[in-house]
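Structures for review follow.
Shared between the two complexes below is chain A, which has chain B as its partner in the first and chain C in the second.
Up next is the complex of A and B:
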């Protein structure tokens, strides 16, 4: 407890140490022959290039800002509808999972083909925001105090009055903490769209353009600016929610689709909802193409993709190319995800053995939650080159941090008395870990897995697209160059589908295992 | 020489430092519980009664003073399986069945489970949960979970039984019922029992002696002997002398 007052000081001290080490390592060119410049070298470069930045920053800010606004308006509206009507939530389950799981880089080319100007960037930023805020809204609204709503109803209030007087106010903290996580997501979405969409302005475009020129200090200064913007956007909403709510909650990333316990109606109605949940994403796809009015040649409907992949003259070569790409992408996705999860799990568990060390690491892990990690792939290219080890490290770095934060916060929730039981019988720390902490952290391990599935695929595809020239990411990038529209749509559809299938598989295993163990899903 | 005292705390002091404030949780606490006796500690929140028990269990170290459990240090007594423990919340492991939860202390102490399976079954029956051996804690009511915790506390044939408000979360009716059962179980086991509680009537009904503590700093202000014969019947709860004793303890709690 006494440590509370010293914590900011210790954080400052750690930051100074990290910067000093960075400076020394950078100045002496110790990392990959100068791929990591010293901190002051980066700042100098930033100053030299200062004339370039305003337009790039403005482009990224405008896109992410507009996406943030639109995405959140849709998300809050959808959240309200879902909270009021469980059947609608059930019906939109497929759409929600798809939006959560889709690797943004995979659909960036599609958005560029079908929309024009800033619209693709705004759309991707909005997609990055939607899930977080929608979930926060549904959870906030459905966790309202039932006694308070009873009071309103007791005085003859309508459902509208309940919503206005109780539910919305009660949901405020949850929605605000959702916005906080959503803000850096919007920046990340805009940058990813800039990677995938070409265009002259924007930090992503700037980063991509500088990658080929081999100037580490410039790449790092762009990365620093992008991180700063994402961090600031998080900070603004953290401050706002502290002002409004008076308390801020821990940063957690929710990866569970809000679950409704009971949906009434006949079995036929429930079957309709399930089928609808599967069909709706495809309907949305169709409607999107129809609404944008892009010609058939460029925009492929679901049927167009099936035709391209199975019926057309070139179907056989298309299948072969797709399978070859998958054979390259999938193993490394799994390997990276497993390594990231295992590393996070071991570190989180050892927080029980070395509490002080982990306590010092936790702020670092929390800060990474506000960083556009995937967008920093070009920096890793400098250090690791363009081989498969790059892909692996990108994947590990984008899976490790969120998994660690989820696990560490989950393990902190294990009741003290349960942990003390083995110790009260003279058991060792190891006995405590084996009998209590490890099994108790299982729900959080599943939650972390759910969270990392789409991220791992995104990390691999970005590394493949930008650097290694292999796998699905590369196939997508190549098809863009060859104007092979069928393949662009196919890769996008397949990667979204894969992500959804993995996610769904984890959810099914999780449910079965946790039910058998008498535990409930962690949120 | 007779057997060593079940529980002996002498001159125990403990202070906590929190947010720049120093809290004196225990000042010079001396308490001796003879072998086979039942002692209840009662006092307002923050009077250090739970701290005293945690020190006796070996979960906290005293700043000053000595602790002996059946003639040994708390840690040694725990490692030898002499102690049994029930916490305020049942602290069951949700992924273990009732039987496997009762077996937790045996596993920690690395005792063979096969040889105690009969004893475990007997304990589950004793607390009235026969037929629920394979149920998971999530399927049980609050009272049933608390009874599993009591059975677990008895799994090692403890000579010393520590209970920290084991019935705190139960309603009055269930609490009375559990008090009766605890008296029976304790009498059968012949162990030394130390109970931390908020309930005056519970303390008077169960204990041979009631220890009254005050806060700031945490200290023992009075030890009151309870003379009633055993086994005590439910009718005792409406006895006049019972209420007089309760009133005396209430006075000791509120006075100086």
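Up next is the complex of A and C:
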């Protein structure tokens, strides 16, 4: 109990120390010749610009709210169907992974090309929430208490009664915690689409107009407002779920495609499901273009991309450009995956060894997750230059957070008695870590890898787009200028495909390793 | 499919009715919806259109104008291909390239900037005043403009590999801090921003070193050109009026829009005033705003020809300007 009362105080003290250091460093222009403004400079600027904000915030809230609503309605509906029908879940596996893995910066231009008005913002926000909520719904529904359902059945209740009285109620905490993690995603998705999409209002549009001024305090205050909105949206659902279910859940998003072990049917049926899972994302892509009715000069179907890449007059140069870009992007992506994971792992281990230092670091870590990277670019290039180290740090910043939360959770769950064994034999804390904690948290290491790997490509593409001018990120941007629609769609498709392949590769290795070690997948 | 066919037929019928109705008894105030896609967010670059809307020049011409602003992911040409706008402001290099390489059905019917405002901006303390000065320097260029820069370098006999080109992410801070030596941007805009940071900037136009192209070319699809020719002429006439009014006093209009067109753009009114003054000489032409003389069209084609974008005179249609 004593520890509980000290905790908020200690957190407050750490926050004050961080803000004070930030303030001094910023005021004295110690970092990058003043590209990092002091904290109070940012607050003053926010106050000075206060008249600008309401309409921008309102626009961002409207778009992210609509996206949140639509995305979650689809996600919960899909989650219910998936939970009731394992075969459907199998069939939609490809679609689900693709939505989880797709890099938003490759998708935003596609949405702006094919949709108009608010639609690209809403779509990007909805895509950001779908996977989290869908997964939470499936997990919530499949973990229902069988004793309660038995009771309903025993009193002659129907399947519908079972759903209504037990399953949905049981799933509520899980769904609510999904919504909580999804809410900031919606905000960030909307802001990204506002930045590129050419609307008049929204924090993303405000950021774009402000970039040209070379005034870091303005950019940081926009970032701060974005962080606040994302944080508040998280908080609202955290409060709601505490009110409704009186329970708290993990803060991380669950990256596991809920696995349903028994899918019945003949081998032929199972083959059909697997093929369907591969084909369905392409079918969705094709249907999307058909529904939007955008002419085929700018909207490429899967076949259009194949045609562009292999059959058209310019196929050879297109292939050459794509391969050259991949040759630049892939090595650094692998390096980025390792760096992101290593960073998360070190952080997670440190949180065990030096809990206080890590606690103090957390607020900073949270800001890096919601601050638009484009606003940080000048700061980053001034500190790190435009070489591989910048790419690696951007990738780390994009990947480490969810991986860290997952790992920390895993390390915290290692059974006490197991840890006490090496200690009883006089082992050091390091021996304890090496022999017990790390092996025991292996399932969580894999879960973290699943989270990191698709996002590493996103991080690398962002760095290429903003700072290094190489690889896929640059190719995407240049193709926009050349009106090379075939290449825009190709880059989007290839980046999603790669992310899915990375994800799938981790899943396969994970199954092998965990089966051999007799462990089960961490959710 | 059937839906689209019906829509096309409906449009055709409407156009036919419009033609049959002929001008004489068309009500004076009937206004036809018309949409334009701009190239960037609201700034002084589009002042003439804002005046045209606010002062009713478009409605005088029977146009009910919808104005769409642009952004980094917005490709103006895409908007007209998708039929979401009738007309777009584009850069001629991308437009002509799309016609040549993809058979895009575009016609250029006017040019807002007679001289492209894009140039090389550097600090007076580390000045880059000619293309030769760029050798061995780091230049930040928006990825979409890399071909333009390479063209200018080649025209001036410089190996593009001799210049270290990095992406430009819209923020002048790295230039002010000396992380890069120069950046490519609108010379009508960035020098002001830099001066606000207490540093003096210098610049030169790519145009003045052989990359003689227009900017904000007025582009339509062949279909729109055939079906809405009178509306396009009306748009050109009203827009020219707007630009004439704007340059009577370039300081007058931007402050008036502080709460409308320029509200919350993140930019300052002083910046827009600077911009508006700086762009005046780049837009003026004795034949009137949007004019496209034969010599200038030839200069555009030859500059683009040097970077392998081989257009021809057919891509420009000057007959609408003659009807203004």
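By definition in this document, the second predicted complex is superposed on the first by the 475 of 523 C-alpha atoms of A that agree within 3 Å, B and C clash if a C-alpha of one lies under 4 Å from a C-alpha of the other, contacts with A are read in each partner's own complex, and residues count from 1 in each chain.
The rule we apply is simple: a residue touches a chain if its C-beta (ideal position, glycine included) is under 8 Å from a C-beta of that chain, and two chains touch if they have at least 3 such contacts.
Since we're looking at a predicted model, the values are computed, not measured.
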item: Touched partner set for A:427, first chain B, second chain C, both or neither; value: first
item: Partner chain(s) touched by A:243 [first = chain B, second = chain C, both, neither]; value: neither
item: Chain touching more of chain A, residue-wise (chain B, chain C); value: C
item: Partner chain(s) touched by A:356 [first = chain B, second = chain C, both, neither]; value: neither
item: Sites on chain C touched by chain A in the complex; value: 3-4, 41-42, 68-75, 77-78, 81-84, 94-95, 97-98, 101-102, 104, 142-147, 165-167, 169-174, 176-177, 179, 189-190, 193-194, 196-197, 263-268, 271
item: Touch list for chain B against partner chain A, complex; value: 17-20, 57-59, 75-76, 78-81, 83, 85, 87-89, 91-95, 104-105, 107-109, 136-139, 156
item: Residue ranges of chain A touching chain B (in the complex, touch as defined); value: 1-2, 4-5, 415, 417-418, 420-427, 431, 435-436, 439-440, 442, 517-520
item: Interfacial residue positions of chain A with respect to chain C in the complex; value: 32-33, 35, 52, 55-56, 108-109, 112-114, 116, 195-201, 205-214, 216, 218-219, 293-295, 297-298, 314, 374, 377-378, 381-382, 385-386, 465-469, 474, 477-478, 480-483, 485
